[in-house]
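Should a chain be cited, it is by its letter among A, B, C, D, E, F and G, assigned in written order, with residues numbered from 1 in that chain.
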Amino acid sequence: MAVPAGLDWVLVIIGEIMIAVGVISDLIAAIGLLRFPNFYVRLHAATIGTIWGAFVPLIGAALVAAGADFLGRYRWFMAGGAVITAVLILILGPAGSHALARAAHRSKAAVVQPKVVDHLEEDSRAPSPKEEGGEESEAEVKEGGEP
Amino acid sequence: MEAGILTIGALAPILVVLAFILPLLGIFIKRKIFFHAYAVVVTALIAAATTYNLIVVWREGPQLYAFGGWPPPLGISYEVDALGAVLGALTAWVMLFIAIYSRWYMDKETGIPYYYTLLLGLEAGLIGCIYTGDVFNLFVMLEVLSISAYGLVGFHRGRAEAVEAAVKYGIIGAAATTVYFIALVFIYGSYGTLNMADLAIKARVMAVATPFSGGYYGNIAVAAALAVALSLWVFTYKSALFPNHFWLPDAHPEAPTPVSAALSGLVVNIGAYAVMRFLYTMFGSNSVLTVAKYPFRDIILWALLILGIVSGLVGALMMIVQEDIKRLLAYSTVSHIGLVFMGLSLGFSTVPLAATQEALTASLYHLINHSVGKALLFMAAGIFIGIAGTRKLDGLAGSGRKAPLATAAFFIGFLQLMGLPPLGGFFSKFLLYSAFMEAGMPIVAVLVVIISAISVLGYAKAMYSVWFRPSAKEFENVTGITLPTAVVLLLAVACVGLGIAAPYLTSALSTTIANSLMSKGVLSYIQAFLKTINYLSPP
Amino acid sequence: MADRLVKAVGPAVLAFITYIIFSGSVTPYDLVTATVVAVIVGLLVANLMIHNPRKLLQVQRLGWLIVYAIRYFFIDEVKAHLDVMSRIVRPSMPINPGIVRVPYYVESDYAMTTIANSITNTPGTVVVDLDTERKIFYVHWIDVKALEAERTRKEISEVFERFAKRIFD
Amino acid sequence: MRRAYKYAVLVAMIVSTLALALAVSAGGLGYALPFPAVRNLAYWYLRTTYNPFMPKFTASAPEAVTAIVWDYRGLDTLFETSVFFLAIIASMALMRGIEVKAPKSINLSKYGMSAIVKTVTKITVAIILAASASIALHGQLTPGGGFQGGATAAVAPLVIIVIFSLYFAVSSGIKKKSMLTLRTLGLLGIGVTSFAVIVAGLILGKAAYVFQNQPKEAAPIGFPSHILGVPMGGTLLFFNIFEFLAVAAGFTIVFLLLSVPEESVRKVLEGGEGHD
Amino acid sequence: MTVSESEVITFIIITLPIYMAAFTLYAVRALKGPTIPDTVLAIDAMTYDLAAFLVVLAIFFRSPILIPTAIVLALWVYALDIYVAKYLESKEMGE
Amino acid sequence: MIDVNAFLFSVLVFSLIMNLGISLYGIFWRPSLVKKIIALTILGDTANVLAIVVGYRAWIAPNRPPIPPVLTTWKPTATDLSKFSSLAVDPLPQALVLTAVVIGLAVTVFLVFLTIQVYRLHGTTDVRKIAKLKG
Amino acid sequence: MISPETLVFGVLAALGLISMVATFMAVMERDLLKAVLFSAVQSTAYAFMFYILMAPDILLVYVPVAVGLYPAVILFLIKKTERFEGGEEE
């Protein structure tokens, strides 16, 4: 199995660009993780690290592997493994950060500070109006939520 | 040369596979008697097989079983010489008695399948440790042994002391085995092999390259010294030598009584056995550890001697103040292990070889005496505890009168450990004494006597409580102790036999030592290894 | 049992594809083991995974998935990433965070999860919690631009929702 | 104050590490770097793990580590597995008599974590199981093997227990008994595989060894080395499959036991049992 | 014309220090805390990136055989996330 | 002249040795049983890394790294085999470590169960308090 | 230009130092939950080391055990027992 001539270079170049994007995103995400003031804001930096920092370079590495002849017969194994890992990260990464954010909010392990508004806090503090539409709560927000 | 003796190679794997089945059967079979019978049958088979191995090894010299048909350093091999065969048979037979005794003791407990799984696992670990010819396999078998032991110590999960003792035993034990693993890393790093016989060659002949493992890497003397020093921690920990004895008085008494017998009688032997393997078979008297530039071996042996003495004294002294009969017996184990280590440490380069051989013989003899005697004592104590319902010596007062036969056996066991002349204990202690006299260490020889004398006080206290002391309350007449009494009586007969056969045994064990630990024995150990390599190597 | 077999088809196909891609080779050995593994895995997870197996057969859903993937990765992700990355590297670090309500109007769990994961996967918005009864996501937003439910939905999740509806509902 | 002390110790350790390293490398000690040649024993492993030129002295698996683990040093691995098994048995002995039953009239969706995580788990379980099976079944060709695959597969039951709640897991068949059965069967399979050749040898009257895999000069029977043109390493494939089952089940047992609610444990324990 | 090995390798060598800097910064955040979710988040991001970078490094080492490691890393870190989240939000781990 | 490679490699080795020391401190001197277990896992891990370091081999050229001990061809020629054995790292320590990891896992799992049981019976996992409770 | 070999060894050295700091923090930390997570950081560093030292098999075993299982088991343990070493918060 070989990639048609000419295409391999294209694959490699695209893959390298993706890897480069990934590495730079990693660095920026790490800086963001250090600079941002609280856990919830850091979640966004971590998302950069997950999607552009991990998903993209994984796909890129798969492309490079598909194009790079010198890796031998196992390079399809590598490409396949990288793609499956990328897909799993794409699915699992957000679920993990969501679970973490929810747990942090429920257990008050991390405070939402600074903040403009925290509707979740309001809704969980007030006994939630069960069968009422979204309009009702909208009004509440306007009263208390404006910065 | 055939493929090797199957009973050597298949013993431990079959044993552990037989143990695997038990929990599954436990789901389907609820009758307890089935598990008792199963355990007895399996241990009896193992006892028969180890005895067969002993006979074969005795007749034909060291036997090597190469697993998978790979020549030894490439594959794992079990190598059984006379010493290993003797200890293996001892282990299997004592274990058989323990399994029979468990029929009585464990009948009222829950979780019988788990108990027997762990007990058979313990036996597999013991047999594997003794038979193995590979230092890394020794590590694995030590872990098999240890995990079973931790599980059994904590088996009475409702007792706070039991669980706590198991945790203490477990954490430090796991650290110790990890340190042994580091020692193995050093050994492999510098010698490039893990086989005991191969290491024995390489530690002695400075410029040899065995077919599959040539060359040295770095300074092998330093590496060997470091490895031995690190690995001694785990061995002394397993046999509860003085600074590492802290767990034993907590752990052994808290285990179920048959397990106490196994731990005190058999598990502590492993440490002594492994030290013999390390300091005599592998890094022996003419090895790299004794050359003039690096006299590491003498330092290590001196340290062991001193620790043995201290251990003997501490154990004997602590026995006197104990109020709990099983704790008293546990401290007695510490004391006796001290004696055993004193014997096996008499291998300095300045000591005449005859004295070394005599001391090692005494050590081995004492190991056997102690195993049988201590198993007997724990099991007999279990009977009295069952009668009185307490472990305190005060509460046990007079309980022996309800079970006179067991008491008789109990007394024989104590006299055995005390060292009264017609019994085995006397001869092994005497042999130890004369070995030290011969080696020109009269002070140490006298210390052996002193340790025995101190321990007499503790034993006398226990004996007095069980039989002579008037009981505070009236015990009910007990029934159903026929089986355990029979077991302890059989062991008592064994004790007497060990004493009566002393002249024969002394010479037989002396031959055993000569055939396995002295230079002639090591040579035959190595020859069996080389023969196998030649037989199995590719053309 | 027959019901289970029908349900098992979806996960089995997924497992088969995963196995082959992960192995990266198509020797007879791989095909045989992949089939065995796929059947076993399919039967194991059948009841867990699929509620309505017929949806799998509608090919246009797959087409929408691909369209959605392309649009998502090349437009939405790029915009969001560049936005947050610029916030990180700018010395003033302009952030204006808060947790807002975002309603959603899809039925199935898969569609809802797709929307939520899409929201979380774009930097700048993270689903912190959700209320399945009132159909509201609580989204942590790095730069709160709106507070009313419909406007937040327009800003954050409208595109995702449109596609999710086509793919899963 | 204590904090400052702590960090001072940390800094001192880092500095001393660097200083020691500097001293060693400046001293020119040969041990500082790995050796250019591999040890002789390792050389033999690398030479014989897959060598068509020595058909009577090879393990027939391109993966040297798996070959060592299950063929050259198979005994170690058998006992390693039994250590894990004995640990599980000892743990079960500590937790004996404690059964988890899903309450009859219970709304399972009330337990567990958020709906998003649940849905994601539903999708990924199949992928996880397939990938782990691939790791295990290619253990003789690529890095991986029974333990690795089993440990990866164990993610699935574990996240199910944690995300959907223990009751859901129990009601959908992840039970202690079935897992113990699976575990025991896996181990028995390992045992049978390790004794297969020697039993065949005893029947055929030929020399054979415990844990034998490929035919040897001295013991001429063994497992087939290739299957469908792919090296399968003889026994290694079977060992990997059984170990896969055993490890996945073992991990699951551990987590089932650990996630038992504390109240029900206390209820059993207070039922009273102590023994002298 | 086949892909030149040295070109790809050189490219990866250039990315290596940048990546290592990111890894160190993640580790700093993980060790600094201040709260539990912060630490987990940092480990999370660190490990996903590590999984990606292991694949890239496999090209550098010319050993595509090293790949299955990445998937295991990603899966188990997800499991770690879940455990910690469960720990924080519920009373019993099994409920 | 200091060999930079040797320096960097020694930093690795010495930090591992430091880790051994720290974890031994944790096992013996920290009061909490849980902390002891954590330190125990670190000790085991560090020993494993040391074993792998022992099995590593030097690079044959500055840009020719060693390869994992996996042969990537199924129909090797003699050249392939000799190239493989001249590049691959030592597989034996890896096999040993595999065994050691699983064993460490088993022991840790059981210790965890024991510790939970200790807490059920004593109400604490602090060894100092347990010693006090015992009297 | 630094040679690739030096670069890789430099990564190893950095990982060694990171793991050392993480180990130290894990052993010294009073909050056991944090200690577990620090030991997970150390495990990640070790996992990377295994990779660079060309031991993919070990990585595959080690990651489930040390990154996944140990923290999980110890989290369960802490949940069932107490979270702070030496009693609840100071």
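The definition used in the following text is that a contact is a pair of C-beta atoms (placed from the backbone, for glycine too) under 8 Å apart; a residue touches a chain by one contact, two chains touch by 3 or more.
Just so we're clear, the structure is a prediction, and the values are computed from it rather than from any experiment.
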| item | value |
| --- | --- |
| Steps needed, at fewest, to go from subunit D to subunit F via touching chains | 1 |
| Furthest chain, CA centroid comparison against subunit F | C |
| Pair sharing more residue contacts (C-beta pairs) when B-F is set against A-D | B-F |
| Between subunit G and subunit D, distance of the C-alpha-averaged centres to the nearest whole Å | 20 |
| Mean-CA-position distance for subunit G and subunit C (Å) | 31 |
| Interchain centroid distance [CA atoms averaged], subunit A/subunit E, Å | 13 |
| Contacts with 2+ other chains: residues of subunit B | 136, 140, 143, 147, 150-151, 154, 157-159, 188 |
| Overlap residues in subunit D, where contacts from two or more other chains coincide | 13, 17, 35, 39, 41-42, 45, 63, 65, 72-73, 76, 80, 83, 86-87, 90, 94, 113-114, 116-117, 120, 123, 127-128, 131, 135, 142-144, 147-148, 151-152, 155, 158, 230, 254, 258-259, 262, 269 |
| Where subunit A touches two or more other chains at once, by residue number | 29, 31, 43, 45, 50, 72, 74, 77-78, 81, 84, 88, 91-93, 95, 97-99, 101-102, 106 |
| Subunit B-touching residues of subunit D, taken from the complex the two chains share | 30-31, 35, 39-42, 44-45, 48, 54, 56-57, 71-76, 78-80, 82-83, 85-87, 89-90, 92-94, 96-97, 177, 180-181, 184-185, 187-188, 191, 194-195, 198, 201, 207-213, 216-219, 269, 272-276 |
| Residues of subunit A defined as touching subunit E within the complex | 5, 8-9, 12, 16, 19-20, 22-24, 26-27, 29-31, 33-34, 39, 42-43, 45-46, 49-50, 53-55, 57-58, 60-62, 64-65, 67-72, 74-75, 77-78, 81-82, 84-85, 88-89, 92-93, 95-97, 99-104, 106-107, 109-110 |
| List of subunit D residues in touch with subunit F within their complex | 13, 16-18, 20-22, 24-26, 28, 32-39, 41-43, 45-47, 49-53, 62-65, 67-69, 72-73, 76-77, 80-81, 83-84, 86-88, 90-91, 94-95, 141-143, 147, 230-231, 254, 257-258, 265-266, 269 |
| List of subunit F residues in touch with subunit D within their complex | 2-3, 5-11, 13-15, 18, 22, 53, 55-58, 60, 68-76, 78, 81, 84-85, 88-92, 94-96, 98-99, 102-103, 105-107, 109-110, 112-114, 117, 120 |
| Residue numbers on subunit D that touch subunit E, as the complex places them | 100, 111-113, 117, 128, 131, 135, 142-144, 148, 151-152, 155, 158-159, 161-163, 165-167, 258-262 |
